[in-house]
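Next up: the structures, one after another.
Each of the next two complexes has subunit A plus one more chain, namely subunit B in the first and subunit C in the second.
Let's look at the complex of A and B:
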């Protein structure tokens, strides 16, 4: 039956990855019960993830395709599926009606970013990204039903998104004028008539996507949105939204950097933004007093490392960027999923002694923390290693230094977090939960185990990332 | 594959797995205390048995290798038995058996609040140190050293108060920062240059390496291995004195210092090899740092009244001698360094276990309060005196042969100042340990020595004597050891 489904889906894979979650969203809103809505949403998200994985596996084994898009679409679809499976235990965050809308909006976020990663031209990327972003804003605003502060977060996102949209549209206009086409695949090969205009346009598009991905210092909306949104909303925001936006950014960069007339300028801008994000994100993560904010700022630091890898402009650099993107997604699911499973317990001081009170949640958070700090035999270490290796290979010693700085900062804030979980004694009554069979915790635990498993046996992931990067280079002049 | 190779491989598995199983069993079966202590001691003895068998197998020409994972292309997480690793593993696990017995005695004598946790992390620290010793490549060494840092952190934080937590944070931060900030880039750089991280006699830089790269790499590696306590990466040392005595034995005698020493030896012999001569400038500078640090540490030890701090600084002085030996770029230097690790571990384990026994039985931890205690605790202080003599470098104890080889090797390579610094450090070690031991044995016995009426139990006294007697073993084994270790400085044809 599974084979039949795949046979049917293969000819329309790209459409199904984009449309199945949207159809699921419509059905979820119409469903009479919240549980049924969740079932529909989870099935549609899983179906999209399966098709995306199959699509990527087939696409990456060939040559000359859009490797970054294929790799990242599968990643985003899987993250969306994980978040929606876990949502079953988080529906109590909302009333029955709002719960259905939340599920539908989460599906729209996944569909939007998948669409942005599959769109052949910049207009398609823009429209899909806007769909995803507005759905994210609405999802955060829905959390306002319980905490009015979430509305501030949604308002901040709306404002930042508006600026980003303006930049994106302006960038598209400049690229259209400077390059003469908006087709992404044409960028590396086309003769660019007005390189200055084109480079400015690409820079604006990348800045818009960086703003939506929460890359520091453009992440003005992050603190309020993550800090006040509910568990499920912050999980979708971090594991689907931020990862999707960053993947879209890497994809656009992957087409722009090989273009001889504008590549060097784009690479330098990305490298500068990446370095700033590593430093600012790490410092903010060190100062964070809330688990969700810590995850968001640590995500900004990781996003910085992804941008630096992409800025290297080499095949090894893009492969490193994709591996780090994967690591970032795993950590986002673990930390935000673990946080969601804890319910209202988010302040770091309330996590003291969690290892005894909620051993499974604490284990999941610890695994994510270890990956974040780049501990050996985790997916995080693999990503950092690949960046250092690619940086040293290209003579970018500072890039290697940035990766190490991110790891050292990770040791500081994640070490402190793990110390809280296992060494400190709890001082306050615990109001969270820790049932390992709760679906809310399942994605976090699975991602945590995956972060270690892929750190131990990363061959498949490395091959996929290398194949994706090689496809980009096949298409380059 | 013959039975010999299979059994060597089993012994390798056993040496690595026994301490881990020991830790898990102690955690799972914390009660009744008798069962917990029996398991703790039995598994420590089993680990020691496996390690001694491994030494015999390696001496017989057998090899063993186990691969756990391949986390990077062409890089395995692997452990293998070669002479140096097998020797240090046997040393750590051999001393681990009396230490397990002593820990069982200590947790009973001090009515430890979390005995199972203390015992488990002592065993895990030993497991990680053994993994460092048996690591087959730089990556495995890095992973094992990170595991060692993580395993020893709870020992420092064990008392659970705010001061201990802060100290544990400093301990973890210093060791992790040097490991990630210096050792990791050096490892990736080595990989980028040579395309391999596998340890091999003669080094990995087969095609040669330019002098600047060699100097920078050596500096990164040596400072990155902060476990040797080379200045300025010794910030963790003072913090670690917060650990209880069984933890101190694990940290100084069985885990951190031996692991740092063997890690450095492996890098000198198996990563650099002859290329160490290309890094002569950095090697000299680091030797100056280690030599001066050695003397300063011995002086600081003299100024400390708290036995934990005095012995900690005393151990640093010994550990830095290993650094000097490893950087001499001579077979004699490597041999001296290997002997020094053996001598340091045996003497430090004895001294710290004896100090622990004294603290548990009399409640005294200050040097000034040791006067005359040897008259009421003769066995414990007999061991203490033997170990102090070895630490000082008095013949016929282990420390004497190690220092003799070290001074000879330094003088042979024209570095008379290095030999002189080793000599000065030995004199200063005498100053901070000699009078202490003599006063404990010769002064008048205190009237109210024991806080426990029955004195030291057999679990507290016997391990001190066993490890003290181990300080004598180099008297007969120095020559066979030189033959056994010869492959580490003899490149394969």
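Let's look at the complex of A and C:
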């Protein structure tokens, strides 16, 4: 049965990864009951994830493909599937009608970013990214059913995303004029007639994607959106939206940096933005008083490390970027999924003593925190170590310093979080969800265990990241 | 300067004016209108640069979708806050956030 499905899906894998969630979204809206809508959404998201994983495995074992796109598509599709499986327990965030729309919008977010990672040209990337972004804005706005502050968060997202969209459109025009083509695969090999125009265009496209990924200091929308959106919306925003946008950014950079006429400028811009994101994101995470905002700002710091890795412009650098992208997705699912399982309790001071009241949730959050610190034997450590290796190999000692600084900041804010969970005593009665078998907790626990398991046995992940990075160089001059 | 260059400079100026207004205006309706202005600037830039029509159509579709969502948000904000002035929305959010944290803490 499973084999038959894969045999049928393989010839149209790219289309299915994009279209299955969109079809699921339409069916979920039409479903007569919220539970049925969730079942449809979960099945479609899982089907898309299975096809994406198979597509990536086949593509990465061959040569000459779009390695970064294949790797990241599988990652985004799996994150979307995890979020939608957990959504079954979070439907109470909305009424029955709004719940169906929330599921449909979450599927559109996953489909959009998967499409952006598979699109062969910049127009396709733009359209798919806009689909995902506008679905994210609508999903956050839908949380306004319970907390009107979410509407204000959605407004901030719409404003920032609208400016990013205008910059992206202008960037497409500049790249088209400067390079003569909008095909991504042609960028490394084509003779660029007007490098100034092309570099400006690539810079605008990367800035637009960085803004949507929540890379600091362009993350003006992050605090209000994560802080006031519901549990499910913030999980989708962090684990699917931010990871998808960052992956799309890395993919575009992977095609632009090997281009001789513009590569150096693009790499330096990315490195500068990455360093700023590590510093600003870490400082904001240290000052955060809310679990969702802490996850968002820590995500900005991790995104900075991903950008620095990509800016190195080497195979080792891109492999490190992909491993860190994986680690970032795992931590987002753990922290935001664990936070969603806690219901309305998000202020850090209300998490005191959570280890005794909700041990499974506290364990999941702790595992994510350890990975975020870059503790040995976690996937976070592996990602940071790969960045240090690649940075030292390229002579960028400061990149190694940035990775260490991000880890030290992580030790501070995650150490404080873990200390709250297990050492401090609660001063008030706990009002959040504490049922260890809540479905909402399943993705967080799985991702937490995965963050440790892949840190202990990382061979498969490292091979996939190395194969994806190696494919990028097949098309380079 | 060539006519295309003048058009491009005007388009970029329009885009920047729209972007700055969208970020700084206190009134939400003005913000959404400024976003539309920024999109028009970007589309004019595409024309000046001779981009393929597929890119222009994609830009128009995205701009229309943003505008639609923006108008829906203005309506919902007016319904729930009785205001579309950003400082008033921020003040109401700050107040409700501190109240809800106090409530959870007391519980």
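By definition in this document, the second predicted complex is superposed on the first by the 477 of 477 C-alpha atoms of A that agree within 3 Å, B and C clash if a C-alpha of one lies under 4 Å from a C-alpha of the other, contacts with A are read in each partner's own complex, and residues count from 1 in each chain.
Just so we're on the same page, a residue touches a chain if its C-beta (ideal position, glycine included) is under 8 Å from a C-beta of that chain, and two chains touch if they have at least 3 such contacts.
Computed from a prediction, not measured in an experiment: that's the story for all the values here.
When the shared chain is aligned, subunit C comes close enough to touch A:149, but subunit B does not.
When the shared chain is aligned, no partner comes close enough to touch A:235: not subunit B, not subunit C.
Shared-chain residue A:393: touches subunit B; no touch with subunit C. Once the two complexes are overlaid on the shared chain, A:49 sits clear of subunit B and of subunit C alike. In the superposition on chain A, contact of A:340 is made with neither subunit B nor subunit C.
After overlaying the two complexes on the shared chain, residue contacts for A:182 are found with subunit C alone; subunit B is out of touch. Touch counts on subunit A: comparing subunit C and subunit B, the chain ahead is C.
In the superposition on chain A, A:375 makes contact with subunit B only, not with subunit C.
Common to the subunit B and subunit C interfaces on subunit A is no residue.
Residues of subunit A that touch subunit C in their complex: 122-123, 126-127, 130, 134, 137-138, 141, 144, 147-149, 151-152, 154-155, 158-159, 161-163, 165-167, 169-170, 172-174, 176-177, 182, 220, 224, 227-228, 344-345, 347, 349-350, 427-429, 431.
Per the touch definition, subunit B reaches subunit A in the complex via residues 68-73, 77, 139, 142-143, 146, 154, 157, 160, 165, 168-169, 172-173, 176-177, 180-181, 184-185, 188-189, 191-192. The residues of subunit C lying in touch with subunit A in their complex are 11-12, 15, 18-19, 22-23, 28, 31-32, 35, 38-39, 41-43, 45-46, 48-52, 54-55, 58-59, 61-63, 65-66, 69-70, 72-73, 76-77, 80-81, 86, 89-90, 92-93, 96-97, 100-101, 104-107.
Only residues 374-377, 381-382, 385, 388-389, 392-393, 400-401, 404, 407-408, 411-412, 415-416, 419, 423-425, 455-459, 462 of subunit A touch subunit B when the two sit together in their complex.
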